[in-house]
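This report refers to the structure that appears directly beneath it.
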Amino acid sequence: MHINVQYFALMREQAGRSQESVDTQAATPADLFDELCARHGFSLGRDQLKVAVNSEFGTWTQTLAAGDTVVFIPPVAGG
Amino acid sequence: MHINVQYFALMREQAGRSQESVDTQAATPADLFDELCARHGFSLGRDQLKVAVNSEFGTWTQTLAAGDTVVFIPPVAGG
Amino acid sequence: MRFSFASTPIDTAAARRALLDAGAGGYVSFEGWVRNFNEGRSVLRLEYEAFESLALKEGERILAAAAARFPIKHALCIHRVGALDICDMAVWVGVSSEHRGEAFDACRFIIDEVKHRVPIWKKEHYDNGDSGWVNCERCSAAPLHHDHSH
Amino acid sequence: MRFSFASTPIDTAAARRALLDAGAGGYVSFEGWVRNFNEGRSVLRLEYEAFESLALKEGERILAAAAARFPIKHALCIHRVGALDICDMAVWVGVSSEHRGEAFDACRFIIDEVKHRVPIWKKEHYDNGDSGWVNCERCSAAPLHHDHSH
């Protein structure tokens, strides 16, 4: 199935793009992250990231559906 | 001796003036207050006022000198 | 560190500029606004009066105490005197500091101390035509039994 | 209650006007300013980037939580995105309330939560030509041993 992935900040720089459409068998955000980490070589691990699915905070173990938009959220630094 | 007295806020309204020069034998601000209270009929008592002598906080029992400026300070309400 | 009085609307933009500092990461300001009621009474307007020569000294002492107590960069306080309407700004406090916690703490310390220590008085004018000096009229109405709950 | 982003300097005067209320006696505002150093490094300029669709929701949740927790009249928060220089305002929070205590408490609550929860990132550019994403670069440099003391 196709999943949309958006990248921000350090993740955007390391992925070399701000978004991509991924054709994947990943059932969960955790599976998807591991697949994309192997491709892009992210320096941050899952324990340092949060995940959002369709512009809302999600969990690493929730089930992904075709067309979902996923964001891996590095440590924030607002203000 | 002559003492200058300045009045503010409620004290000013009750004294009917913002300042006066008083010829008095009062040795202390407490004595001076009692003398002026008898004349002007202040509604606030000494326990509700503070006193300043020459633009600095003072005490009711300090000794007054000729030419001193005394202010009886009602409860404040800044801000 | 400066405490001052204003007889016209407080220029907060100019005051803020005096607090800018390339080493400051946080800026907290407080404004006291004239409310349309106080202690259950409907207020139409206010007058502020100050014993300025002593108030300026006491205000400076408060700013110096804030600087000694909290690691701040700069602090200012400006208080209005004269006639004010509802929503007018009666007092402004601004503090800049390296980190935000100190700016919050110092700003609150300054306004709390100003309200308690600086010889400034406020006369409220009510919608029924009455008026009264805040903190004074009830004391004087019942000098032997005032409970200071106001 | 509104949380928003600005790609140009924050208009604090307009934002403040939105908080005016004849029943409000206190107004507290916080500004985050770009400091010229952070964690011992000399900073020349910053870039802020936000995951805006989620950040706006999270920001609104913070403002709603502040209104539920403190008896305030109005609250707003505006965060810059894009390139900022030293002394520029990165974030503004304003709160009005009947009494000043709640305005201080709510303003501090809002900025603390915004810094911890809202998906916004800050890239610092240093005087030696280096740059780095705050809270990320050191984690990624030592992912197995990061102590988060920064």
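For reference, chains read A, B, C and D in written order, and residue numbers begin at 1 within each chain.
Rule of thumb we're sticking to: a residue touches a chain if its C-beta (ideal position, glycine included) is under 8 Å from a C-beta of that chain, and two chains touch if they have at least 3 such contacts.
All figures in this text were calculated on a predicted structure; none of them were measured in a lab.
J.: Tell me, which chains sit next to both subunit B and subunit C?
T.: Per touch definition, common to subunit B and subunit C: zero chains.
J.: Hey, how far is the Cα centre of subunit A from the one of subunit B, in Å?
T.: 74
J.: Just give me the whole-number Å value for how far the CA centre of subunit B lies from that of subunit D.
T.: Each chain's C-alpha centroid was found; their separation is 51 Å.
J.: How many angstrom between the C-alpha centroids of subunit D and subunit C?
T.: Each chain reduced to its C-alpha mean, subunit C and subunit D end up 26 Å apart.
J.: Residues touching two or more other chains, restricted to subunit D: which are they?
T.: If we look for residues of subunit D contacting two or more partner chains, we find 32, 100, 111.
J.: At which residue positions does subunit B touch at least two other chains?
T.: 79, in rising order.
J.: Which of the chains are touching one another, listed as pairs?
T.: All chain pairs meeting the touch criterion are A-D, B-C, C-D.
J.: Looking at the complex, which residues from subunit B come into contact with subunit C?
T.: Per the stated touch rule, the residues are 6, 8-10, 12, 43-45, 48, 52, 55-57, 71, 73-79.
J.: For subunit D, which residues count as touching subunit A in their complex?
T.: Spelled out, the residues of subunit D in touch with subunit A are 32, 48-51, 53-54, 57, 79, 90-91, 111, 114-123, 133-137, 139-141, 143, 146.
J.: Touching residues of subunit D toward subunit C in the complex: what are they?
T.: 13, 20-37, 86-87, 96, 98, 100, 103-104, 107-108, 111
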